[in-house]
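Each remark here refers to the structure printed beneath this line.
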Amino acid sequence: MKKFTNISDLKDLNTAVDEAIALKKNPRAHVTLGEGKTVGLLFFNKSLRTRLSTQKAANNLGMHVMVMNFGDEAWNLEYEDGTIMETIRSEHVKEAAKVMSQYCDIICIRAFAGLENKEEDQAEPVLTNFIKYATVPIVNLESATGHPLQALADAITIKEQNTKKRPKVVLSWAPHPKALPHAVANSFIEMMRYQDADFCITNPKGYDLDPEITKGIDIYHDQEEALKDADFVYVKNWCSFEDYGKVNISTREWMMTKEKLGDAKFMHCLPIRRNIVAEDAVLDCDQSLVIEQANNRTYSAQYVLKTLLEN
Amino acid sequence: MKKFTNISDLKDLNTAVDEAIALKKNPRAHVTLGEGKTVGLLFFNKSLRTRLSTQKAANNLGMHVMVMNFGDEAWNLEYEDGTIMETIRSEHVKEAAKVMSQYCDIICIRAFAGLENKEEDQAEPVLTNFIKYATVPIVNLESATGHPLQALADAITIKEQNTKKRPKVVLSWAPHPKALPHAVANSFIEMMRYQDADFCITNPKGYDLDPEITKGIDIYHDQEEALKDADFVYVKNWCSFEDYGKVNISTREWMMTKEKLGDAKFMHCLPIRRNIVAEDAVLDCDQSLVIEQANNRTYSAQYVLKTLLEN
Amino acid sequence: MKKFTNISDLKDLNTAVDEAIALKKNPRAHVTLGEGKTVGLLFFNKSLRTRLSTQKAANNLGMHVMVMNFGDEAWNLEYEDGTIMETIRSEHVKEAAKVMSQYCDIICIRAFAGLENKEEDQAEPVLTNFIKYATVPIVNLESATGHPLQALADAITIKEQNTKKRPKVVLSWAPHPKALPHAVANSFIEMMRYQDADFCITNPKGYDLDPEITKGIDIYHDQEEALKDADFVYVKNWCSFEDYGKVNISTREWMMTKEKLGDAKFMHCLPIRRNIVAEDAVLDCDQSLVIEQANNRTYSAQYVLKTLLEN
C-alpha cells in the first residue's frame, strides 16, 4: 500500500479488518514503529472524530502529529496549472505538497466537496494534486467523493456485530436541512462490494447516487420495501447527484424510526441531527452502533498508518 | 476523585495544595504515570494560561495532549433533549461526549458563561452534559460558574506566601469595560471556605455575587473598610448577578491602587487590564503575586490530572 | 547565544551552517537533549513552513511543542506602557511574556509587519517586548523587519549548492499584487554580509530597501545588468520602504523568467505566486532550489533550538 485514498487501496479488506481488530485489543503493541516519524493532518474542513481518532492512532504508534487547519493557519492554495496567481490563492499545491513531504512521513488530508460544481468535485483537486506532487503517502480523511477511513471503520463494526452468514445491509437515505456530500455513502458502497452480504440502497427519486458507483446494486425508491428483514441499516443523507448539490427538505418521511428499524442494527457515521436523520429512540436504543463505529475510527486509522509505515 | 469540576471534588484541599507544591519541586517525578494516556482539551473560549499550563502539566505526566477549539474546528453542539436538530447545531452533546470518551482518558473543558440568560448559565449546559454523557473524568477549565483550577492555584500561592497564622484575605471587586463572568470569584470563595483565614468580600452595591455562594461571608460595600489590615487582596471584576450580565463602567474609584493595597499581597487570575482593574504600580511592585499564581496553574492542573490518572 | 532574533545573534554563521548540515545528516542524534523541555510557538500570522519545520525540529530534539495562534486562541495583547487598557487589548505583553516563560523553555514568535506605520514596524513591538519581559530565550519566526531562520536556511542551501570560490549572488525584486514586508530581504542581506560572495541587489526605483540595511551594497535599478553572470538569484517581492507599505502592481517586467535566470540557481523563501514573481519554467526547472530551501528550514530551526537548549 502506497497511499490510502480509496478502499481499493487496501491489499485485502478482510485482512485489514482482522488486523484492525487485533490493534483494538492491543493498541500500543507497535508503539516503537512510528518512533521519529511524523504524520501531518491537514484540515480544509471541520472534524471531530477524524481529527481526534487519527491523532490517537498515530500516538498509539509512537508517531509525532502535526495538525494544520489550512484555511486559518496557512496560505490559500492554488490547484490550477499555469495560472497567473493574482487572487487570494498565494501558494501553489505543487510547492505546498513537496515542502510538506519533507516535514511529514505521511500526509493526511480532509477536503470536502464544495457541492457547487460537480466536475470539480469529481476531479478531487486537493487530493489528486497532493497525490501527484507529494513524495510521501497520502491518506484521505474525507475528500469530495470518498471517506474510506470511515468505511473501513464501518467494516470493522459490521464484522464485530454480525451474527449471520450473509447479513442483509441497507444504505438508507435520510433527510437533512443542508446539502451534504456523497463521500460517506460512496465509500460505504465501495466497501460493501468486498463483503459477503445482501446489500441494497434506498433513497427518494432524484437522489440516486453516481451511477458509476452504484452500478449493479439494487436501488429502491420505496424505503419500506428495502428495509424488510434488514440486519444492518446504514442511514445517511446526501444531496442530489443529478441536480447536483440540491437538497429537498420536505421529505421528513425518510427519517429513520424505531418502527422502521425493526430488529436491525443502526449505523451512522456521525455527526447526526437527531429527530431529522433518525429519531431519538433509534439513537438511544441498544441497536445503535454509532458510538462503536466512532471508536473503530481509531483502529481503522491505526491500521492504515501502520501499513504505510511498514512499507 | 472521579471528576474535577468544583473545589469540593477535592478529597482535601490542604493535601492537594501540599501535593501540588511537591510536584512543583519535581515536576517530572511521575513522567511514566500518563504513558499511553491521552487528555483532550476542549476550548469553547479563548485561553492562554489554562491552555498552556494544562498542556505542560499533562506533558510532565507523560500524557498525550489533543487540543480542540470547538467553535472553529468541530461541529456546533446541541444540548437540549428531544430537539429537532435543524439549526446550525449539527451534533448532539450525547454523541460528542460518548465519542470523545473513547479517544481521551480525561476530558477538560472550557465553556464560559454567555451572560445573557442567568438560568442557562447556572445550569452549566456544557459541563453538566459532558459529565452526564462522557464515560471518562471531566475537568473544568472554567465553566459558566466556576474556575476551580484557578482557585486551587490560588490556594497554592497563598500557602507559599502566607506568613500569618490566620491571614486576612479580601476579595475586592474591580471595574472593567466588559461584562465578565462570576466563575473566578465563585471558585475563589468556595476555596476560601476551606482556609483558616479571615475572609471577606467587597464590591459596590448592585454587584453582590450569588447569595447561595456568599452565604455567611461578610460583604462590604465600603472598599476602604474591607481592605483594612488585609494580608492578601484578590482583585477581580464581575458583572452584576442581580441585574444579570450588566456592567456599570462609571466606577473607576474601585480600581486597586498601591495606596489602597498597603502592605498586602496582590492577587489576580489574569488577564488583567492595567490602569482599570489595578494601576501599574500595583502590578509592577514586589507585592504582586500574579505571575506566581499563573505559574502555579501548572501544578494545580498536574495535581488534578495525576489524581484522576491514579483512580 | 541567548536569543535568536537576528543573524547577528549567531556566534558564527559558518559554524552554524556546518552544524545544521550535520544535523540534516543525523536529525535524531540529539533526541534526548530536549527531554522534558517545551517550546512555545506563538503565531500572530499565518505560516506553513515555519510552523511545521519548527515543530519538526523541536520533535527531532525530543522537545514538547505547544502551538498557539494568538489572534484566535488567546487575548489581544497591549504593548504600550502606561495605557489605560479599555480597548479590545485585554492582556499586557508584560504579563503574557512573563507567564509564558514559566510554561516554555523557549518562546518562538511570528509577528509580521502591519505595513501601515513605518516607525511602529521598525520598533518591532511584539518581538522587542517579548525579549524585554520574557525570562526565556526568544526566537524570531519572522518579525516586522527580519526572518533570520529563513536566512540561515538560505545560507545552508547556498553552502550545499555552491561550486565557486566566490559566487555571485543577486537579490532581485519581483512584482506582487499585495504589499509584502521587508523581513525576508533584510535578513538575507544581513546574512550575505557574512559570506564570501559578490553580492548585489536589484529593484525598481522607489523600491530601495532601508538604507541602513543596504549600506555599502550595490543596488542596481537595471535588473539585466545586475543578473549578469549570477550564480544564485534570490527573488523576492517587497513593498516600498520610502513610500511605506505601497505597492506598484504595473511592473510585470520584473518577474523572473528562465531566460533572465540563465544558468543561475533560483532561490525564493515561499510561498510564491507563480507567473507573477517567477514563471512556471523557473520553478519547475532543476535550477530551482526552493524546495530544498524549505527542507533546510528544519535544520536551521534545529540548530537554533539546540544551541539555545545547550546554553
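The chains carry the letters A, B and C, assigned in the order they are written, with residues numbered from 1 in each.
Following the convention adopted for this analysis, a contact is a pair of C-beta atoms (placed from the backbone, for glycine too) under 8 Å apart; a residue touches a chain by one contact, two chains touch by 3 or more.
Every value quoted in this text rests on a predicted model; they were computed, and no experiment measured them.
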Turning angle required so that subunit A lies on subunit B, C-alpha fit (0 to 180°, nearest 5): 120
Shared interface numbering between subunit C and subunit B [over half = same, under half = different]: different
Rounded Å distance, subunit B centre to subunit C centre (Cα mean): 39
Set of subunit C residues in contact with two or more other chains: 72
Subunit C to subunit B touching residues, read off their complex: 36, 38, 40, 64, 66, 68, 72-75, 78, 82-86, 90-92, 94-96, 98-100, 102-104
For the subunit C and subunit A complex, residues of the former touching the latter: 28, 31, 43, 46-49, 51-53, 55-56, 59-60, 69, 72, 177-178, 270-276, 280, 283-284, 290-291, 294-295, 298
